[in-house]
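Have a look at the structure below, then the notes.
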Amino acid sequence: MDYVIVRYIGKKPKLKNPILIEGLPGIGNVGKLAVEHLIDNTNAKKFAEIHSKDFPPQVFINTDGTIKLVNNEFFYYKAKKKNQRDLVLLTGDYQGLSSQGQYELVEKILDIAEGLGVKEMFTLGGYGLGQEIDKPQVLCAATDEKLVKTMKKHGAVFKKNEPGGGIVGASGLLLGLGKLRGFKGACFMGETPGYLVDPKSAKAVLKILMKITNVDVNLSALEKKAKEIESIAQQLKEMETMSKDKSEELKYIG
Amino acid sequence: MDYVIVRYIGKKPKLKNPILIEGLPGIGNVGKLAVEHLIDNTNAKKFAEIHSKDFPPQVFINTDGTIKLVNNEFFYYKAKKKNQRDLVLLTGDYQGLSSQGQYELVEKILDIAEGLGVKEMFTLGGYGLGQEIDKPQVLCAATDEKLVKTMKKHGAVFKKNEPGGGIVGASGLLLGLGKLRGFKGACFMGETPGYLVDPKSAKAVLKILMKITNVDVNLSALEKKAKEIESIAQQLKEMETMSKDKSEELKYIG
Amino acid sequence: MDYVIVRYIGKKPKLKNPILIEGLPGIGNVGKLAVEHLIDNTNAKKFAEIHSKDFPPQVFINTDGTIKLVNNEFFYYKAKKKNQRDLVLLTGDYQGLSSQGQYELVEKILDIAEGLGVKEMFTLGGYGLGQEIDKPQVLCAATDEKLVKTMKKHGAVFKKNEPGGGIVGASGLLLGLGKLRGFKGACFMGETPGYLVDPKSAKAVLKILMKITNVDVNLSALEKKAKEIESIAQQLKEMETMSKDKSEELKYIG
Amino acid sequence: MDYVIVRYIGKKPKLKNPILIEGLPGIGNVGKLAVEHLIDNTNAKKFAEIHSKDFPPQVFINTDGTIKLVNNEFFYYKAKKKNQRDLVLLTGDYQGLSSQGQYELVEKILDIAEGLGVKEMFTLGGYGLGQEIDKPQVLCAATDEKLVKTMKKHGAVFKKNEPGGGIVGASGLLLGLGKLRGFKGACFMGETPGYLVDPKSAKAVLKILMKITNVDVNLSALEKKAKEIESIAQQLKEMETMSKDKSEELKYIG
């Protein structure tokens, strides 16, 4: 078995100047949530699966009792309006576990993208702030200065020295290794507390992506999820406060 | 040396439509205990050994003072009744230590199985609950819905979202990578506290396997081992209670 | 993708009997600071980049919002005086993360150096003492006794059994693997507390390198940085003393 | 660079039915001490070095200021008496760091040994008991029952279920992988507390080896080292007792 293997489901799709959009698991699962929502809303078709020796040796169990080997999955969306472009969408269960696994995985993704005619890509992720955020901004970094300007117009934010550690993982590496091959692209990082999955941040990222791709997405499902998560976060906070109060009470007993 | 190597002992056996049954070490050693018991009871013949660079660099010492390199071992059983099928049985000292090691090992096992004409497999393991269990159930997951139905008839249990983390290790990966090659199969997971080796859980798994394979196995040796383990567990529990009592006594001294 | 890849920027430079000087990140970042300062001061030209699967899967974000894949970089300097020699300068963001990654990286660096006609090299690093140092000495180790003598003349210090653990990382491995290929060379290790980046130690290393290479470097920028770091170190020390005083005060309350 | 590389120093030696004796670093450094002592006493000649990507990326510094890349080293000894046999002696700075590294290293050692006509080997190590030992016994395990008998005659001890974890590392793997190639051999494990290097245990191992190989070794240097280590151990013990006494004194103050 090669380090990373691709299995096409049916024929390789024929696409016209497609854009690659990646959202794999990461901080707040922002990227994964955004791309999954995009796939659901656009009825994108799955056309390939990636398996890697650097994914965990694991199968998930579907609700019908059947198993599913952990993987990454490719979908495509054919442009339906003149101002749209074909899309290649990538999401999955895991990123590579090791440095080597990440490089191998990303190189294979780029091979596939190149084979489909992709020259431009957007990678999606979260930027963990470790604190509550009312209105998450979407930070950005791009392969070239022209794209930096364009993304600013679409509302993406560029802050000097942020994120300080750069971009770690597939979202960064796709741009980095892609740039060496001549790809252009940008990474959108939705601000997130980073403690729980963050549909609010994913929504912020999708809003920018909608402007760029002219693909309209109904964000209500994501908004509903965001409210659920906020309610869970609120409950966790109350439980914490209660347990704090109790331990303070105890201190003053007697 | 290749990552994983196979050494046949004598000739490769000629088998008719055989079923692969795997039980490697894992939680409660349920799978390993079950397959070892099956091998002993059916007088199955060893025909191959697997060594891997991802096993520990270790030899065991036999009671006669000779050494044995850690490995996985293949056995076969030829059908003795009309309603039986030939069996390929796999057990061993270790699973692969790393993700990559697991993928390499499982691919090699599938290569060997394919070469022997295997198209169906059952993988055995434990499902750790972290608490005592009176009558362990046998959870199941399968490669396709038809098998799910069949296994339900044989008494295997399917619970939504259990195990929540899916199946990690060789038992899961054999089904996952096997499914990509067209193998059909199911994984049986005997419920187990997971603290000690668990012959009781292994017995529960074997009972289902006996129904499926029509191979009769005398379970008395396993039952005897189960009683020994229960006695050890009981002693550990009493020691724990005693030490708790003592420390409470100490608190009330004076 | 190979484990380590090289990308030349434009043509491979034609150099005459060049010396390789390496300064990758390490204790006190002494080597990296020294080589970066040398590159800036000599206007050395970048001619190649190295990427490795054993570097982190990471891009940095430049101040203009563009991304840069983490790498190692080669520069060259053409001799401008009769008593100088051409230089090949190596610095970068990371060393290999694992043992294997270090061996692969260093072998590739040696391949490139050999292709450029390098037969001699100087590797630069820090020697962490874990305490403040007024005048950092520069310890040395070399591939052969003749070089040991020469380096002593230039002011490098050889202490028996120091560093006790030898030299770990690219600076040591370049000499070690290089020696097997017939390269000659020495490693200069500037003494450093090792807590912060240490431009003072880098300056001490550069001073010796200036004698050997006859390349004059204006050290004022490095001296300025050294003062900044000393001021930061002083502030950290004062903060520590203050917090100690406070906690002692608290002990004597009442 | 291959995973493991061999460099011959001069010509490959021509040996007659030689025995391989291995002593790499391990518990109490028993094996390494024994083989190094054997090399010194027999004036064995170095003929090859092994480097591996799985050794640390490290050079040691010799007392003359020159560097030495960490390695394993092969020596040979030509039989000088009729009852002796040629010896191939292996020692070194490190074993492989990972499982894969150990398998790769041992396979390469076996390749070299096979090329020299080796069919028999003795591997040396320590068996850590975690407590002081007056007269260390030498435990043994062998590739076949005939050798078990022979080794018993020479004073080696076989205990059921000891060492319980078998033999981990190069000493075990050489026998295990060697047996698959038809090598015969035994591993001698000198009992050792395992806290410090243990020349006393190394001496016990060498005594047996002298009977088997008919090579006489002057053990006085090893005895001297053993006394030094005992004196250090005694001092450590006294320091420990003193600090215990002091802390008990403190408890009873006032």
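In this document, chain identifiers A, B, C and D correspond to the written order of the chains, with residue numbering beginning at 1 in each.
To be clear about the criterion, a residue touches a chain if its C-beta (ideal position, glycine included) is under 8 Å from a C-beta of that chain, and two chains touch if they have at least 3 such contacts.
From a predicted model like this one, the values you see are computed outputs, not experimental measurements.
With steps allowed only between chains in touch, the distance from chain A over to chain D comes to 2. When the partners of chain C are compared with those of chain D, no chain appears in both lists.
Where chain A touches chain C, the two copies mostly use different residue numbers: shared numbers make up under half of all numbers in play. It takes 90 degrees of rotation, in steps of 5, to superpose the Cα atoms of chain A onto those of chain B.
Averaging Cα coordinates per chain places chain B and chain D 37 Å apart.
Chain B and chain C have Cα centroids lying 53 Å from one another.
Touching two or more other chains at once is no residue of chain D. Pairs of chains meeting the touch criterion: A-B, A-C, B-D, C-D. Across the interface of their complex, chain D is touched by residues 1, 3, 7, 51, 53-61, 63-70, 97, 101 of chain B. Considering their complex, residues 96, 99-100, 102-104, 106-107, 140-145, 148, 158, 160-163, 165-170, 172-173, 175-177, 179-180, 187 of chain B touch chain A.
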